[in-house]
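So that we are looking at the same thing, I have put the structure below in structure tokens.
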Amino acid sequence: MTASINPYLPILVAFVLALLVAGGATIASFLLGPKKPNPAKLDVYECGVPAVGTARQRLSVKFYLTAILFILFDIETVFLYLWAVLFGQLKWFGIIEVALFVATLVVGYIYVLRRGALNWD
Amino acid sequence: MLTLPELGLYFSFLLFLVGLAGVMFRKNILFMMLSVEILLNAANLAFVCASKLTGTMDGQVVMFFVMAVAACEAAIGLALIIALYRTKASIEADDLKALRG
Amino acid sequence: MNYQAMLAAILLIPLLGALLNGFLLRSAPRVVTVSVATLAIFIPFIFSCLLFFGPVNAGEVVRTDLFNWISVPFQGGHLDIPFALTVDRLSAILLLIITGVGSLIHLYAGEYMSHEEGVYRFFAYLNLFVFSMLSLVLGANMVVTFLGWEGVGVCSYLLIGYWYSDEANARAGMKAFIANRVGDLGFLLAMFMSVKLFGTVDYSKIAAALTNELAANNAPMITAIGLCLLLGVTGKSAQLPLYIWLPDAMAGPTPVSALIHAATMVTSGIYLMTRMSFLLVHSHTAMTTIAVIGACTALFAATIGLVQNDIKKVLAYSTVSQLGFMVLGCGVGAFQFGVAHLMTHAFFKALLFLGAGSVIHAMHHEQDIRKMGGLIKKMPITGWTFVIGTLAIIGFPGLSGFFSKDEILYNAWTGPFGHPLLWALGAGAAACTSFYMVRLTYLVFFGESRVEHAHGHHGHGHDHHHHHEIHENPLAMTLPLMILALLSIVGGYVSMPHAIMHTLGVHANENIITEWLSPVLASAKEVMSAGHGEEGHGSASLEWGLMGASTLVMLIMSGFALSLYKVGPKGGDSIANAVGGLYRLILDKWRIDELYQGVIIEPLKKVGDAFFKFGDRALIEGIINEGPRGIYLVTSVLSDVQSGLVRNYLKVVFIAMVALCAWILI
Amino acid sequence: MNLSLLSFIVMGITAVLLSGVMITRRWPVSAAMVLIAIMTLLAGMFGLLEAHFAAAAQIIVYAGAIMVVFVFVIMLLNLPPEELRYGGVTVGEMILIAVSVFVAVGLGTKVGQGFLTTGLESMGVAQGESVAGGHHMYFPASENVKNVAASMFVDYLWAFELISFLIMAAVIGAVVIAKKRSAEHADAA
Amino acid sequence: MEGSLGAVAQFLDTNIGLVASIGKIALALVIALQVAPIMVWVERRQAAFIQRRIGPNRVGLFGFRLFGLGQPLADTIKLLFKEDFIPQQANKFFYVLAPILPAVIGLVAIQGIPLGKEIIVAGHTIDLQPVNLNAGFLYLFAMSALGVYGVALAGWSSNNKYALLGGLRASAQMISYEIAMGLALLPMVFIYGTLDLQGMIAAQSDSLLFGFLPNWGIFLSPISFVLFVVTMFAETNRLPFDLAEGEAELVAGFLVEYGSMRWSLFFLGEYAMMFTLSALTTCVFLGGYEIPWLPHAQLVTLLTPIFTAEPATWVAAAIGLGVLIVKVAAFMFLFVQARFTLPRFRYDQLMRVGWVYMLPVALLNLVVMALIVGFLRLT
């Protein structure tokens, strides 16, 4: 007899336990540690010199472009996983189908590459 | 009798309502887009519930398509937000009515 | 072997070649472009041979349905038009011609175009043309054929205007396109009428549906379909009155003239008539009209050819004239000899054009025969193959043209729709053909050299050989010539006349082409023999007699031409002066272009002007200028709805959703 | 009431409440984080509905990819917290809200009676009848991933191929829009 | 007394699934929690050996030095008693939340690893994978995908330029390599035909390749293995991909404003993730808990005469766990070795490697493997 429970239940249990561990460590450190704050300690760390300007400034758009490409290829990967589990049943039909799918995305990828969106310099 | 898919459909209705309220009452495009994500998630939940309700895979497959569309929407929408913020230094929806009739 | 797949491959490989050359290999070296293009025709040629000697030879009809193309509800049922390909004995012949002659011409063109920049465009068009031509020939229904029919028109337009920077070339392309459109209208109408009458456009289904009874009950409709098809044929196959585009089409590169405007595209009309023969023979009117138009075109074009001085123009009018022969053959009910002549003509006319191209290439784009002469010493292969081509086209006994032309002429007299008058017209055309072809050959290749050595610097500044020594072209150009010459010699034996067959002791009922095409033409034969009691009213003696007559005429006219032009191109001046007015009329091509200009184009322009004045200016601009005021009134109300605020738009979504759910509740 | 139904209800209610929290946040980062939590909860709900692959994809794609882009954009633009304007609700909007609350309550009671399940049966919608038609599931119900794959790659073949074009267009579009004037802003990093 | 014992037995019998599951989770948690301190010590010792130093070797237990194995314990105690302050400019809530996220995710992710095949207790067969979903190891990917937020949030909430840039760089790097990671494992999915790690391990042990090699994924698709190991380094922000926290350029990246226990929670998460991904590699490419040339079933049959039926499965499971840990330890060694051997990439090089080399290579590998497997299996 196989002991069966809902497969998602262990995740919940693990989550609660992990939260206990991580939260417990945080709280324990909060309770156990000394409390001697001073302005220099609480100030922004900027290699010892007084902080110049704020951290709230706009950053390069390249991070965004990277993230964009990431979601689109992530979607692709997820679709491909679907195909991979059914590789044996879909046979060459599936391979061709996926080849077309990937080829289309490669076109987009080549465009991005040519456009220099991935050049971090 | 209370069943999971039916309850799920109801939750998806509620989520949709809240999301729609978010899109309607927030003035910031970023928040509007986040609310749109709620709408899409509500739709996904409805699809998965329908899939369970009818015992077919159609709902789940369509859910993947919705997901892909959502990804594209987020990509283009956020690109627009960045472009807008650059040119107008504002992403308030009310400032953008160039298409006013 | 999977013949269905092979059939699809035959069609698709040239398309692939066109796409490769057109999109991917734009910057590839010339060698790659040419090899891809040639292979894209040669591989289908191999497949065609396999099909030809395999299932087609065994009498099978190979058919493949690629996908369902058009599906519409029609007359209570469904009109399904699949993208279906089929190859039977008729299309197999054309298949071999298109791919076989096509590969030779591709090979030749690779060399011929060696001085051009960006030839990928040329070869992409050429491959696309072959694709279109193949879908014309292989289509199992009229719609697929029409696709090819339009496709070859487009490719022809693109290739005529290949050197589009020259306005004359662009105009020639447009002229061809417009003349073809008129013909295509006929084809379209024929297609619509057959859908109406038979509920299908599939050839085999039409053939099955067309019973004698149906034909008798719908005689006007059948005649109308036949005449509309004829209109299509006159457009594509350059018959009276739409032939005018073909001579101008010689503006394109010579390989194009050889492939499209001599060997393949212009013969598609013959193919179509043969394909629809089972229908045409039901209408006496249509058949007679076809025969008369064919005979008149043959003679008419031949007369123009007599006086032309441009080597390609002569060949162009010769093509029109030979096409007239084929149409005549079809019109008198001898479809198989129309096809036979199509085949032999494809060989020798391609040979002649390629030979002419070889000369033009060697002469650095000089086309005037008055500036040539004596070239046979410098270009022996080109010269002698050209001579063989000439002998074939004028019907020298034993060569291919002799057999196919004589069979057509014999049937023009004796065939089911034949008449001695038609024979007379044809014989006259043959006589003219002998004259102008011998004139052409002699002036170009024999006699004194009239080549001007001074002319050589236009357009070839980058060439570093300063004296333009005329010499034989490389093997890539002469090899096709030799192969075609061989085919021009032996190609005619498929239609060997009865009389000769009996003399030679060949004991077959029919000659090869008749035997080969008998499955295709069976129903047409049946109708014709039913309508006329006995098939043909000829005899061996009549056949011998006609043969002798045409040979005699040929010899006389050739001799006449030789004697006249022995002294050079001025040899014909005495006769020209004697009939002054007529000469100038013929030289101006019977002033048909001017006639069209005056009778059709100018009035059309006037109508256009009128439409512009009253339609565009008054009506449309009036609406445009006045309309907005009304629209403005409406929109000023509506625009308040469109606030430009996403929020307000979303409220509509909100209301709709809540309403939907409320509806579920109730 | 079994454990999965209970957890489903708890997750659903939490998700709805969190979505309410989300739309009233002032900081975009907070809103995004709450949204990630909502998506994770939804993934759990998918799991309980036995849509295992959907659950995994929900986390991988939505929570792990789409939201990353949101977070990136929020951090890139470093938007200040937004002042909420609650005064903007008009009478019409009040009516809308009232109606929707009414409808929501009404639907809730109906769902409590299980009207959909019985309704579907009475409408004659058979279990396991694919909308796209043709394809029959040939894997046991426990093989959720294979079933989804079979449906997608057989029934929804064209949609699948079209999605690739959509994604390609989105890639190109996003790069074009976002990178347009980056030459002038290259020093912003 | 006997009645209450019977009640406990009854409860255990009916809820064996729940109890066993909690037991498995606890086991995995213990392993994950041990990894971080031990690895810190290993890194320091190994670094010392590489650099010809001695390293921490003093702290021992009860007067025994044990090569300084007491060091981790001392470190933990030190960290616990350090001052725990929140910089005033920081966003308090997210500043506190940020380190908890990676730790929790790391500890939850490790539950997806099969620690052994199965044990039989009182007639109940217990699968030794704490979380065994239908979607298989996509669970691990999902968890790894969520790992980005801890880093990004830490960077953002610290409200420090270095931290923000470091956090964004680290998250951009993680997502960039996630694609190649997913694509690298795709061929393995269609080679084994399953997403289930237990199934993959079974497929690797049931036959021999060419008659003598274990049928491991590393031999079936070596390029996938190389790709995966490289992306694994990048995913966990380890050298040579650690420039998000590069000391020279960004002081310590997103960690700059963190100290005491919060700081160590990041490392707890990082090491747990390292362990998880190493174990995933082991399961997919190196046969998991299986001893090469000795499938689990055979091992159990070998052990049965010695230990009788049920305990034999326990012993076999313990051996399997040991084998798994040995294989993972080899990877951990590789991690540390790489850290002190390879120089760090420049950021543009790093992104370039990810997008311009890894991704196309992964796609190409996918195509080639699809064709090879297609020809071998489908023709």
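What to note about this one:
Going by the order they are written in, the chains are A, B, C, D and E; count residues from 1 in each one.
In this section, a residue touches a chain if its C-beta (ideal position, glycine included) is under 8 Å from a C-beta of that chain, and two chains touch if they have at least 3 such contacts.
Values in this document were obtained by computation on a predicted structure and should not be read as measured data.
Chains making contact with chain A as well as with chain B: D.
Contact with chain C and chain E alike is made by D. When every chain is reduced to the mean of its CA atoms, the largest separation from chain C belongs to E. The chain pair B-C and the chain pair A-E differ in C-beta contact count, and the higher one is A-E.
Chain D and chain E have CA centres that are 30 Å apart. Between the CA-based centres of chain A and chain C the separation comes to 64 Å, rounded to the whole angstrom. Our note on geometry: chain C versus chain D, Cα centroid distance of 61 Å, whole angstroms.
Averaging C-alpha coordinates per chain places the centre of chain B 7 Å away from that of chain D. Each of residues 7-9, 56-57, 59, 61, 63-64, 67-72, 74-75, 78-79, 81-83, 85, 102, 109 in chain A touches at least two other chains. Among the residues of chain C, those in touch with two or more other chains are 651, 654, 661. In chain D, the residues that reach two or more other chains under the touch definition are 4, 47-48, 53, 57, 60-61, 64-66, 68-69, 72-73, 75-77, 93, 100, 107, 145, 148, 150, 152, 163, 167, 169-171, 174-175, 178, 185.
Pairwise chain contacts in this structure: A-B, A-D, A-E, B-C, B-D, C-D, D-E.
Residues 6-9, 12, 56-65, 67-72, 74-76, 78-79, 81-83, 85-86, 89-90, 94, 97, 100-102, 104-105, 107-109, 111-112, 115, 117 of chain A are the ones that touch chain D when the two sit in their complex. Here chain D touches chain A in the complex through residues 3-4, 7, 44, 47-48, 53, 57, 60-61, 64-66, 68-69, 72-73, 75-78, 80, 145-146, 148-150, 152-154, 157, 160-161, 163-165, 167-172, 174-175, 178-179, 182, 185-186, 188-189, going by the rule given at the top. Interface of chain A with chain B (complex): residues 61, 64, 68, 71-72, 74-75, 78-79, 82. Contact residues on chain E toward chain D in their complex (touch as defined above): 91, 93-94, 97, 133-136, 138-139, 141-143, 145-146, 148-149, 152-153, 155-156, 164, 167-168, 171-172, 175, 178, 195. For chain D in complex with chain B, the residues that touch the partner chain are 4-5, 8-9, 12-13, 15-16, 19-20, 22-23, 25, 28, 31-32, 35, 38-39, 42, 45-46, 48-51, 53-54, 57-58, 61-62, 65-67, 69-70, 73-74, 76-77, 79, 82, 85, 88-89, 93, 97, 100, 104, 107-108, 111-112, 114, 116-117, 120, 125, 127-132, 137, 147-148, 150-152, 155-156, 159, 163, 166-167, 169-171, 173-175, 177-178, 180-181, 185.
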